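Look for chain A in each of the two complexes below; its partner is chain B in the first and chain C in the second.
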Partner chain A sequence: MFAELNSILNVSPEHFTTGEFVLLSDRQSDASFLMHHFLGFYLRAGCQVCFIGLAQSLSHYSAVSQRLGVSLSQAKERGQLVFLEGLNECSAILNPDGVRTGSEAMAFLRNPGAGLRALFQFAHSSVNHSWGAEERAGDAGGGPPVVLVDDVSVLLSLGVSADAVLDFSHYCRATVCSQLKGNVVILLRCDREEDDYDDVGSDEGLERLLRGLTHQCSLALHVQGLPTGYCRDIHGQVEVCDRRRRADGQQKKTTFQYKVHDRGASFFAPGTSSAVL
Partner chain B sequence: MLHDLLQGLDAGGFLIIQDSCSYSGRRLLWSFIKAALNRAEVVHVLSFEVSEDELKNGLQESPIERLHFHNAYSDPLGWTSRGAFTVDQFCVERVAQLAKQSSRVKPPILVIDSLSWVLRHVSPPAVCKTLQQLKNGGFVGNLISLLHSDMHPRGMVGSLCQLATSVITVAAGGDQAKITRRLKSGKVLQDEELFSIKDDLTVVGQSKPSRADPQEQEADPTANLTFNLRLSDTERDAKEKLALPFVFSKEKKAALLHTSSGRIVYEPDANDDYDQEDPDDDLDV
Partner chain C sequence: MADSVSSACKPSVERTPLNATSFQKKTRNKLLSIPGTRLSVQNGQLLVSTGVTSLDYLLGGGLAVGTVLLIEEDYYDSYSRMILKYFLAEGVVCRHELFLAAAQDHPNDIFQELPDPILDDVAIRKSADQPRLSCEPQDGLDAMKIAWRYQNLPKVQSALASSSRFGHYYDVSKTMEPEIRQAAKCHHFYLPEHPSQSSATHSPMLESYSALLKSIEEVICREGFNVSASMTKSRNILRIGLHSLGSPLWGDDLCCRDDPKHSHALTTFLYGLRALLRSSLSVAVVTVPSHLIQRRSLMGSIIRLCDNAIALESFKGSERKTSPLCKDYHGLLHVRQVPYLNCLASQLPDHKDLAFKIKRKQFSIERLHLPPDLSETVSRVSRAELAGAATVASACGSGNKHLDF
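Up next, the complex of A and B:
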């Protein structure tokens, strides 16, 4: 959890808005450090978290979260965190002779054209109960449910269409955000340059998915490298776009530069890096 | 022209509001809904992309008793079996049935938010056919719809806009609208307008984007300098009185030139006897 990012977004683990759909995207950069931030943030806030990890294994997230001061194994033990390890499930499903049959959530691997309904149902059932409600009899239960997905571009490369991913994210939003009053955070990694301006509506999966998710989201954080090139002290810039309904109808866009450290990340206004001042 | 459209479309009118991910046209769509409700018209909203709470929060202080909300947002594909409107029910029979739920004499206004959602699941020809039948069959009085133009190929967007009688494109920047209106006589009107939407969803039109702006307001080059480039009045007079060295007045020219007594006398000599056909004078003819 990065304290500076919390102050930029004006949230804290005790006080944050629900019903948010957050889109993390990057272009030729790596926005996964933001995913670690949100995972730690929502665990600290006491939310019921369902993490769909398709890009890395659980041990990777555990190791990084350990450095940030959050223990994923303890969260799993007390039932606060449900972790879908996509990489393990993939091998179980693709290996029909194996002992484990693999979770039904990854059934789209056998049939990519069928869509992500099973994955959505897995996420829905994971967050549809409150963790620790038995132990804390006096409380109303845990915090709001949160679904995090890392990352959806893996789904595209596995043969799922952009439309199916947009349907999945729509259902996450309709159920988790609107009905259960929780939050959804989705990471989308775009590795290619923005070179398809000629035909904006073409079925280029990644760009179309990015536009579709941008239309659906209420908060978008876009990470890219510095336009002037590589810098040792500044790893890139983050554009924060708040799409919630604002008084004048305009979206609020602010840009920050960041540097990722061993145990966190620091954010600062452009041009104010400590290396420069 | 934006205000004319807000006052109401002609019967059988179809308005498309096009937006992109840089600027959302949803608030403009809500302004149209609010204007229709204020005119005491019945509005049916078939919503795929926003929940009922979000819409009603957005339309605060409007007479929403005439608003009928059809929930296609919670379960448009039937995954959770929650009994709402699904996208494969988007055909003229089902939609007309929805519109008949209000008991007014005049056909209601149908708002679809958004057509992009429908186009992802229903083939474009079927969508166009349904819209055309709804428009011309008298089931609905007017159709207003939101379309995300960056989610579809240009051809598809173009085909849908052909069906529409009015198209408003919200340009990036958020406050500029390009409006195209097709009147029943066949005439097409186009306009560009600046607008802003206030908190209570009233649209305030601003002046047209002025192209004369760069010509006015030229920066004064003699301002903000550390040395003085300006002239006082006495200095300006002295400057204008100064006689430049090689700019002569008429009197000085006359005195110097002696034009009245000049006469040129020419006597050709042998060298000037120039034979055109033998310039070097060496032909042995």
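Up next, the complex of A and C:
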């Protein structure tokens, strides 16, 4: 978890808003470091976390979280974290003669046209109970449920339609955010902008999904490269868009530049990087 | 041994074989020593050499075990095929096992074309290089009478190389001796030898890709490359080379149509390949004819599913034959993606404008720069024009105008 990002978003592990749908998107960059931030943040806050990790293996997330000071294996042992390792289940499903049958949550690999109902049911059942309720009898149990998805562009690459993903996110928002008063964080990686797409239907899946998810979300963090070019010291800029309706009906949008280190990321106002000043 | 290795360095990782992957931080143990590999200095990953030393430097020291390197082919598939042969030749020299899949040529033909390794005079080469380098600053010291303040600055290194050498050099004018080649264990997959079977699932993957994936998985299980396999014998690395995936010879219509029917076949295959590689001691190099793919958005998803991605653009197929760059270099090289594995920050290359050239004994990748134009004529083709005409990976907003006066 990155301390500077916490102060930007005005949250802390002890005090954060529930019922939020956070969208992390990137263009020509990699916003996965934000996903590690949110994973560490919600684990520290004591939430019941369901992490759908499709892009990388469990040991990758464990290694990065270890550097950020959070132990995923201990969280799994005490039941706080339910981890779906997509790559692991995939090898069982794509080879049907194998002995192992993969989890039903990844059934969309066999038949992408059928949608993501099984995946949603897996996520719902994972967060529907609070962890540690039997040990901490005096306490209120675990924190609010959180579902993190890394990342949905892999789902599109595997043949799932953008409509199915939008249905999935809508169901997540309805149950996890509204009913269970939890949070949902989704990462979506987009292509670079190409103005010379002749046919409209070429990349309609990814762009349509981005527009749909941006409409549904309450907080959007968009990561992209610097508009002036590639720089080794400033890895890009983050646009934080708070889409919750405020008293004056306006949406707050701020831009920061960031640099990713070995043990975290630093965020600063544009032009105030230590490499420049 | 994989279990004890994992328990030695990460006691928190579960010991079930399903969760063991090849990405373990191997900092504290010296048990896992496979010939031809080394540990990365940045994040402790196990690295192998691609056979091209400059490419190793670009990728952060080498190719990490368990990852995929995607090479976007140049127009005539000459240089990408060359890099694939370097990769396989390096595997022969390091005594790794090889797996080669192709649909166009029989893999045995490609195996016979591997370049000859220069094994004897490696040490001689090093000592020959150093006296040359040391004598140059001497001339520089004498020459700098006006700009004497700059004489202590290091010379600009245009060739990409690190101080410690990892990998071997090859002589492309000769092919590898059959004795050396037969010492290495090679598996191959030639698509016409595998008759197509109709699959019962609705999976978007084509039969050719499923057969290939199954074949790779069989080799991994049979030869014991799984990370969770028992350590009765010494471990080795499997080098997988997949030639021209996505081309019509594999039955894929990615390159044929604007709106392909099998638009997700290759991406599903790459996801399955990534799943296989992450749980085994293997590396893969995949070449894709990206210049044939009509929908550019598909290349984005293909690149995201591979870990490392570079694109080759040779001057042979392009119309820029008369540019001054053609005399010095054979083409441009774009780094599309560099992964970050087990750490937050990736090792981004310092410069994004790179060019490559093939010399007889080396495939060198250098930082692109034009020599000073010492001719009488005023017109100078700016680098921005040349680079801007190519598809630049990042948002490189260098100006296109050059001041002509």
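Everything that follows uses one rule, which is that the second predicted complex is superposed on the first by the 268 of 277 C-alpha atoms of A that agree within 3 Å, B and C clash if a C-alpha of one lies under 4 Å from a C-alpha of the other, contacts with A are read in each partner's own complex, and residues count from 1 in each chain.
In the analysis below, contacts are C-beta pairs under 8 Å (C-beta built on N, C-alpha and C of every residue); 3 or more make two chains touch, one makes a residue touch a chain.
Fair warning: this is a prediction, and the values are worked out from it, not measured in the lab.
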Next on the checklist: Following the superposition defined at the top, how do chain B and chain C come out on chain A, clash or fit?
Outcome noted: fit
Checklist entry - Touching A:V185 in the superposition: chain B (first), chain C (second), both, neither? => result neither
Checklist entry - Between the C-alpha centres of chain B and chain C, what angle is found at the C-alpha centre of chain A, to the nearest 10 degrees? => result 110
Checklist entry - Should A:C50 be classified as contacting the first partner (chain B), the second (chain C), both, or neither? => result neither
Checklist entry - Where does A:L109 make contact in the superposed view: on chain B (first), on chain C (second), on both, or on neither? => result second
Checklist entry - Does the superposition put A:R211 against chain B (first), chain C (second), both, or neither? => result first
Checklist entry - Looking at the overlay, does A:H170 come into contact with chain B only (first), chain C only (second), both, or neither? => result first
Checklist entry - Looking at the overlay, what does A:L58 touch: chain B (first), chain C (second), both, or neither? => result second
Checklist entry - Any idea whether chain B or chain C touches more of chain A? => result C
Next on the checklist: For the superposed arrangement, tell me the lowest C-alpha distance between chain B and chain C in Å.
Outcome noted: 18
Next on the checklist: Considering only the contact definition stated at the top, list the common interface residues of chain A for chain B and chain C.
Outcome noted: 199, 201-202
Checklist entry - Which residues, counting only chain C, touch chain A once they are in their complex? => result 10, 12-14, 18-19, 21, 23-25, 201-205, 210, 213-214, 217, 258-259, 264, 267-268, 271-272, 274-276, 278-279, 295-297, 300-301, 304-305, 340-346, 348, 350, 352, 394-398
Checklist outcome for this item: Per the touch rule, the chain A residues reaching chain B in their complex are 117, 120-121, 124, 163, 166-167, 170-171, 174-175, 178-179, 199-202, 208, 211-212, 214-216, 243, 245, 247-251
Checklist entry - Residues of chain B touching chain A in their complex? => result 21-24, 27, 49, 51, 53-54, 58, 73-77, 79-80, 116, 120-121, 148-154, 156-157, 174, 196-197, 199
Next on the checklist: Under the definition above, what is the set of chain A residues touching chain C in their complex?
Outcome noted: 28, 30, 32-33, 36, 57-60, 62-64, 67-68, 71, 73-74, 85, 87-88, 90-91, 94-97, 100, 109-114, 153-154, 156-159, 189-192, 194, 197, 199, 201-203, 206, 225-230, 232, 235, 260-265
